[in-house]
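Notes for the one structure printed next.
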Amino acid sequence: MSSDQPQCEQLTSWGGLRHLLTLEGLPRDMLVDLMDRAEAYLRAAGEPPARDDALVGRTVANLFFEPSTRTRASFELAAKRMNADVLNLDVNTSSRKKGESILDTIYTLQAMQVDVFVVRDASAGVPALIASEVQPHVSVLNAGEATVSHPTQGLLDLMTIRHHKTDFARLAVAIVGDIAHSRVARSAAQGLHTMGTRDLRLVAPPGLEPDPACYPGARITNDLNAGLAGADVVMTLRIQNERLREHETLIDAAEYHRQYGITRERLLRAKPDAIVMHPGPMNRGVEIASDVADGPQSVITEQVTNGLAMRMALLATVIETRQQR
Amino acid sequence: MSSDQPQCEQLTSWGGLRHLLTLEGLPRDMLVDLMDRAEAYLRAAGEPPARDDALVGRTVANLFFEPSTRTRASFELAAKRMNADVLNLDVNTSSRKKGESILDTIYTLQAMQVDVFVVRDASAGVPALIASEVQPHVSVLNAGEATVSHPTQGLLDLMTIRHHKTDFARLAVAIVGDIAHSRVARSAAQGLHTMGTRDLRLVAPPGLEPDPACYPGARITNDLNAGLAGADVVMTLRIQNERLREHETLIDAAEYHRQYGITRERLLRAKPDAIVMHPGPMNRGVEIASDVADGPQSVITEQVTNGLAMRMALLATVIETRQQR
Amino acid sequence: MSSDQPQCEQLTSWGGLRHLLTLEGLPRDMLVDLMDRAEAYLRAAGEPPARDDALVGRTVANLFFEPSTRTRASFELAAKRMNADVLNLDVNTSSRKKGESILDTIYTLQAMQVDVFVVRDASAGVPALIASEVQPHVSVLNAGEATVSHPTQGLLDLMTIRHHKTDFARLAVAIVGDIAHSRVARSAAQGLHTMGTRDLRLVAPPGLEPDPACYPGARITNDLNAGLAGADVVMTLRIQNERLREHETLIDAAEYHRQYGITRERLLRAKPDAIVMHPGPMNRGVEIASDVADGPQSVITEQVTNGLAMRMALLATVIETRQQR
């Protein structure tokens, strides 16, 4: 893997967004600009979705080396509503033996004049590796990278929080779940940090706490009640049983729910107007009670809508950056 | 499953078609209107196919929880020729554990502003369940539901029959095969009933006869010759060996052909101008002889062409209904 | 399989290209015309790709009965950039039991008004069989046929050679690898023959030499050094281990590289301005050294770019042929 500083490589020399690899190091103004642009793509339910000609004649390749339904659908519709040509390649990881062959796939698609690669991969460093090798006019969007980064999710989370809460600096945000392996938590924390949020609580079961070095300034705890106390935002993470098993912290779903599930009673510890977030897909009755998921404080489907708008904003932005080069 | 009366829920209060879940209870005028609209989309072979801008800016999601090539292709081309954005999701049933998760997939796609869900599922009640949960501006088209319903197939069958035979009330129609498990037979019978056909013969091998309550007024028999006598329309069904095995009526293909296969000799029992139909894909030499499938009385490829036109008509109709709300 | 002379059947009575089944028998003028047309679709890297309205309202079905990423992506983008409606059907060979069912799939899609079938199949004769059965206005493009033919690859190879070398008649071309099972070698040799190349060397490991009757006039050898001596073009083929194993000539990858891999030292035996070609995907370090693949003599990514342009040219040509009928 060629790069230690993806955060530098994603910007052009004059500061335009060329790739989106990580939220780490992205300036606050750029985050705000992306949120503003994405909001401009929102429409009321029932109205036709926003369209934009920014990608007419451009080609977007969705390269998903890890299975995904919702993120792939979101990027696919974002590209189609911007009138791009879209190529979906669901590549089984098992058919990939060595690092070089990913790059040969990229060189091949680049030779077919793909403009934007949307990449999801189970190995850390793959989006940055690809970004370091593509031609100057090609962009890479990270659609989920191992346990490291999921920057489009982070941006849609920020956008959703901003819609409900005005001042990031005054927020108390609790993220609950397997923080150690969560790219969602990592990207959210990086974005919140840039936006000025100082009160971040990371609530994880014993053994699933993150490396504190990855979350400077955050409070790491096993105590859900303490984490939720007075929170403005409660973000609960999907429990991935196969991952828990790997790490020998096998937890029964019912037991997990009892200890770390977000229920109506537990939510009373947060502020009365706290919002509840989940990146999906949910295990109802495990990390979140069904009545909370569907309740008045839930903004979960709003996150999905914002995600598509944010991906449209990102596509428009990287194509614009390219035109300014 | 929430609904006992999908036939009521598919119409708006003023009688517009919002969802297509079943042909049961659809008024005769609506069937005629759909056939008229679909016919307007037919073109001569070699001419460019009909196009329509009725779905510009709309999104159609094909959710196939059961594998399908022809029905999926038909819906996909129908949507593309109406200039919709199309999202294909071939979801493996095994990845679906409980009822709720289907709905969460639907809520997610709805939050991405999908306008029409085309749903095929192996469980009874799923299209109606989805229809009962989507937002008011969203439509559901049933593309095959367990052994219960396949209404777009029923409509294309009616359209094909109408093209060749003028008066439904005077027709004798024979449906031959595993009636007990056939959604194709169910939907055809419902449509024929509404159109006024009174002479319906259901010919099934012993053990595969349907529940008579599902086919009021039909003649159910094991005797193929009696069923074919004087028929205007002969519809033969695909034999699904795996299903036969399940029901312990294991029949050898050659033996099935000998007893229930439609051959040239057998077809002589029907009217000289009888048409032969099959929903496809065919097992040639099993339920139908190859020379009958390709013979002058066969309207099998016409059914396929009509199917695509009918799916265009349905997409146009539900979008129009929505605009009139 | 119905046809012994696909080369006759692919042209109309007045000599227009209706199907592309094989390069065998295609007149030199037609090859030149296709190369000229394809070159007109080339654009500089970073510029928007060429587009063409020649296929507006037309439907292209990609029927891949053998898995493929690059060829399918190339045809898909070619069709989309010509504004066709595109249907992708990746059909698992295992789900196909007898010859007739392929044709029934074709009849079905034809009834949905598909205009062009792009077909890849592991059985010899399938593209010609389909071409012999479709309606007069429908075209078939062979996207890879068993070990027999890969004509679009042959055309892109010719186009790439022509760009670098002016006179086919004076060229010495070496093709290296498992010639016995290579459809790429077969199509390249047929095209080169038509263009006037007389010095063709086929270098294969013992046991993998081709039937000389398939390569009239070519020199067949096991000696790589002799094959490369003074060559203008070095085309190396992908080693398919599973195929080697079948033919009991199991060769270890490192041993293959030592004996038949194209390395910098070996390349010194060819002319100094020799170009190096590979159809992809590459096994770096097996049939080709990585520094050769990425070196100044390599035209491998150019082949990919030319391939997409050639497929656009072919789609435009068969649609034009149809309009002249």
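Lettered A, B and C in written order, each chain numbered from 1.
Everything that follows uses one rule, which is that contacts are C-beta pairs under 8 Å (C-beta built on N, C-alpha and C of every residue); 3 or more make two chains touch, one makes a residue touch a chain.
Note that the coordinates shown come from a computational prediction; the quantities given were computed from them, not determined experimentally.
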Magnitude of the superposing rotation for chain A and chain B (Cα, nearest 5°): 120
Equivalent interface positions on chain B and chain C, same or different at half: different
Centre distance in Å when chain B and chain C are each reduced to the mean of their C-alpha atoms: 41
Residue list for chain C, restricted to those that touch at least two other chains: none
Residues of chain B touching chain A in the complex: 57-59, 85, 87, 89, 91, 100-101, 104-105, 107-113, 135-137
Footprint of chain B on chain A - complex, ascending: 43, 45-46, 48-49, 51, 69-70, 73-74, 76-77, 80-81, 280-282, 284, 290, 301-302, 304-305, 308
